[in-house]
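Worksheet: the structure to be examined is printed underneath.
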Amino acid sequence: MDHVVAGIVGYRGYSGAELVRCLGRHPRVRALTLDHREEDPTDAAARAGGLPIVFLATPPEVSMELAPRMLAAGSKLIDLSGAFRLRTPAAYSTWYKETHTQQDLLAEAAYGLPEFCRERIPGARLVANPGCYPTAANLAIRPLLDAGVVDRACGIVCDAKSGVSGAGRKPSLKTSFCEVTENFSAYSVLQHRHVPEILMISGLEEREFSFTAQLLPIARGILETIYFRTAAAIGAEDLLEIYRRRYAGEPFIRVHPAGHVPDLHAVAHTNYCDIGVTVDRATGRAVVVSAIDNLVKGAAGQAIQNMNLMLGYPETEGLL
Amino acid sequence: MDHVVAGIVGYRGYSGAELVRCLGRHPRVRALTLDHREEDPTDAAARAGGLPIVFLATPPEVSMELAPRMLAAGSKLIDLSGAFRLRTPAAYSTWYKETHTQQDLLAEAAYGLPEFCRERIPGARLVANPGCYPTAANLAIRPLLDAGVVDRACGIVCDAKSGVSGAGRKPSLKTSFCEVTENFSAYSVLQHRHVPEILMISGLEEREFSFTAQLLPIARGILETIYFRTAAAIGAEDLLEIYRRRYAGEPFIRVHPAGHVPDLHAVAHTNYCDIGVTVDRATGRAVVVSAIDNLVKGAAGQAIQNMNLMLGYPETEGLL
Amino acid sequence: MDHVVAGIVGYRGYSGAELVRCLGRHPRVRALTLDHREEDPTDAAARAGGLPIVFLATPPEVSMELAPRMLAAGSKLIDLSGAFRLRTPAAYSTWYKETHTQQDLLAEAAYGLPEFCRERIPGARLVANPGCYPTAANLAIRPLLDAGVVDRACGIVCDAKSGVSGAGRKPSLKTSFCEVTENFSAYSVLQHRHVPEILMISGLEEREFSFTAQLLPIARGILETIYFRTAAAIGAEDLLEIYRRRYAGEPFIRVHPAGHVPDLHAVAHTNYCDIGVTVDRATGRAVVVSAIDNLVKGAAGQAIQNMNLMLGYPETEGLL
Amino acid sequence: MDHVVAGIVGYRGYSGAELVRCLGRHPRVRALTLDHREEDPTDAAARAGGLPIVFLATPPEVSMELAPRMLAAGSKLIDLSGAFRLRTPAAYSTWYKETHTQQDLLAEAAYGLPEFCRERIPGARLVANPGCYPTAANLAIRPLLDAGVVDRACGIVCDAKSGVSGAGRKPSLKTSFCEVTENFSAYSVLQHRHVPEILMISGLEEREFSFTAQLLPIARGILETIYFRTAAAIGAEDLLEIYRRRYAGEPFIRVHPAGHVPDLHAVAHTNYCDIGVTVDRATGRAVVVSAIDNLVKGAAGQAIQNMNLMLGYPETEGLL
């Protein structure tokens, strides 16, 4: 079988390197790494010229610069940065603290969370691959809101913990070994730039949603512990049934049986999102735990899932 | 200066070993380790006979067996287990799944959280040293309830993370290196046996309180992220002022300035509890982070703080 | 294509679980897990009855009990324990401190280090899969001795470091998280039971070989730092040439260029053995670093490599 | 008691911060942190003007710039860098790849390994605090050479492993969490700049000594595994007796009984060097394990030990 060649810009970062690794197992696609630092963006775009599909594992400002050139050259794009995830330039400048320079593309981009946005992805020229925290959060929260089981007056709490690879490969004191090992800390409390993606997909209002990001002393994995009060008296089985029905046929969502809580080892190096629930029916307290590998379902794996959809391959190709 | 001799039963466990280490720096007290496994409890009690103060770093059932004998021999006791923390035998059997065999002592015991129960400790024969999770939780939550700033209809969420030493030194698959490293997992969701201690001291009702315990891949430290909605429009400074006023003069509580979030490195090997707050005044969302070393303020250090009170020493002796 | 079914006894241990995982990617073989603990060995042998190939990821005494029954039933066996690795019952009882109960099979077994013993493996009924430390050591040392470049009067030092999974999955204090994290320790200095396997394959005498095993605070990986004095004046390139010539065509040995030293990340989750050298020609001091994943090339991966040879498949099938 | 004030330049690095922490427990000395980055070196020297003792926890080039000014102002100095450890400018430029700018001070400086150089320290104006690797190595090796038990034709192998804090606090990819966790790697094989310090104190020739530095995935601690062949038939007890006699009365050296091997937990946060031996009398193979905390006995603790000697205090003051 002839291989399709997929370009990867930003292959040195953790997400880009994971893309190279994961594509190494894909039966129909071969990775071509493109360097945007040793040449200027125009050159990278030129080298990517004939490629049917290109992954941008670059910072948002680089993605905004490269995207129009590569689209003009006829490539389809999957952007792993936050550049094209939000719906409006205003939202982008509020959360990313800079002006959006490609507003037409922002309007055009399809949000690449297949479990909720699958229809638009195959026809899209530009897919915005979701953030890692939002992937774990939306897969857990959206079915709850759709089913109307959340007491929205009290809102939802999402206590999120991530491995250090989520902070990228650029050296910094905050991610240096001695500062992280045997430590644990919160950051961006209530104001993480991934919050608007969660609101956008889940349907929550900002006032209904409390989100804390925290740094785990591990390399990879995101676990989110999600709390809410039920709108009516329901039990764990009712909640599980909501997830099971919503995710029937979804190849990458695993709903745990009652009493079983996900952990990070089970999802490491996989494209799965594991979901488990605990409910105290008498008092209406509910806890949902959602776990992914931030570099796979939270980045490179989901990007390949989107590529499969865009190129007309089986959605799980190279991912199981 | 002559040293007082303090007995330590259960010195092989992590809390007991930490007691030995910490007492090594105490200027007035010398530790005598007593073994309850190589001899029967009566012998341990006999060997402890003349000691003015004995620490029980033993499982609850051993503490219940040793306590009456040692009290009868004239020792004052500080029990680090859960045996004497709850108020009623019924609560004990509900949460610890066994019958309480020393109901008189349960009624007599003073709860050893000095910041809230300091008056009863100096005169007590038996002090129940608080659990690690409840120490971090109550120090953060109780002032909020006293000040009336919590919207109790929505309750409080406490997302707690602990280092592995909190699970004790007995080998088990769950605490073995390969299972814990590069992992993170929740356990006892909504039903941890430390919950009733938090309700007892904070004044919360069970239906108002959602608590999840989680295992961090580190040896020591507890960080709790606490979420609530404010009962009225207040900001971070209002909340900080509540803590500062409540803890003025308290030697072991450090309230962080606004915008600064505690982490575990800062409290490791210390008896401090660090508290930081984030509030979004417009929407009423509030997050409090509380951090301690589970073996020090969550066990051995707080036990020595209690000992200082019981023996009439300065409360910080040997702890700064 | 029809799959061959391979039995795995001892699938709960770390090596057995890795076998299940690795076989999940093998295009011709499907794994069937067999439990030797919930039934007696006869039953496990019976259930394995018709299987063409069975992996024993069991302690040596269980392997000695199961092997004759399973061979009698017509299965080919790959034993991951130390039961059939040494050449004589006397050597076995010296190093394993127990009598060998299957001396005929000990004589019959082929040692499964393909790079040095490939001829006997395809025709063998019983293959003794090498130990993890000996795999990394022999691949580095044997070519040196064959080439005559070692000053044998001074011998060879092998300073070996292993991740904790090498100690097995059974909980113990020595492998519990709090004892291992932020620690490093040596064990079985000069008397590790893997020493005779290294002598047997490398051709060294015991007096020529100093070996220390050490526990790294990581889950998987073995790195061995090997020191010797050169018998004549040679440089790094001479040494590399010896390795390159010896391992030309070997799919799982990667010889690093001069000045580049292997590490564990590069071999994690792979069947590779990475080798790097440093030589000071003027003084004759030489250092060779050898790195493998102890669960893959040091256990499950090498076992599958042996299976491929025994079943007539391409040697790398399912392993790249 | 009035406190002496000790200046600390470079207090932000890991060694400097450890000095601040350790001096916090010293009964006679108070630390004053001096910043050499926010001001020019002349200013730092000026601010340090009246101080009786100053610690330089700075890179060698900064130490060379500050030392003459501070000595001229009347301070005694303890330099934690490599600037003043070697005996000749030639040796310095060979190993540190730069010219020495203070050759008179290099000649004047006393090497601060009290166990072997105690006489010169009290009267010195400038003490060169030993490197971390050399401290562990020389304490283990020198007594062996003095006693003549090493077969020097075969030389000594020192396989050294260090926690990441030894690489300093400046962020780099090599010391970032994701690169270090679950990894292990060697660096500077046979050419680490600490080698000449080991030769200088131990009396070994370079051709007799093979040294490899390696990075452990832990924050602090150095363990060195040292191999040699005995010059005559001796056993473990003979070797232990050499150490015990040599270190009788030394407060910071702990010689382990035969069969007991040091680990890093036992020395963490202490100024101890633990030494253990294994010998196979029949073949002459010997292994010595030496363990220290690289930030304490390998840096800040030893610096305070030197300060105690320079100021006429008991050598262990503030260190036990």
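The letters A, B, C and D name the chains in turn, as written, and every chain counts its residues from 1.
Just so we're on the same page, contacts are C-beta pairs under 8 Å (C-beta built on N, C-alpha and C of every residue); 3 or more make two chains touch, one makes a residue touch a chain.
Model, not experiment: these values are computed from the prediction.
Undergrad: Same or different for subunit A and subunit B, when you check if over half of the residue numbers at their contact belong to both copies?
TA: Both copies, subunit A as well as subunit B, present the same residues to each other, with over half of the numbers appearing on both sides.
Undergrad: When the contacting C-beta pairs are counted for A-C and for B-C, which pair yields the higher total?
TA: Top pair by contacting C-beta pairs is B-C.
Undergrad: Taking each chain's centre as the mean of its CA atoms, which one is most distant from subunit A?
TA: Most distant chain from subunit A: D.
Undergrad: Approximately how many whole Å separate the CA-defined centres of subunit A and subunit C?
TA: Roughly 39 Å, centre to centre.
Undergrad: Centroid from C-alpha atoms only, then distance subunit B to subunit C, rounded to Å. What do you get?
TA: Subunit B and subunit C have C-alpha centres separated by 47 Å.
Undergrad: Do you know which subunit D residues sit against two or more other chains?
TA: 163, 179, 181-182, 217-219, in rising order.
Undergrad: Mind pulling up the subunit B residues that touch subunit D in the complex?
TA: Result: residues 181-182, 269 of subunit B touch subunit D.
Undergrad: Which positions of subunit D touch subunit A when the two form their complex?
TA: Checking each residue of subunit D against subunit A gives 14, 163-165, 169, 171-173, 175-182, 217-219.
Undergrad: How about subunit A: which of its residues touch subunit B in the complex?
TA: Residues of subunit A touching subunit B: 153-155, 157, 159, 161, 163, 179, 181-187, 189-190, 206-207, 210, 212, 214, 216-221, 223, 225, 227, 229, 261-265, 268, 278, 280, 282-285, 287, 289.
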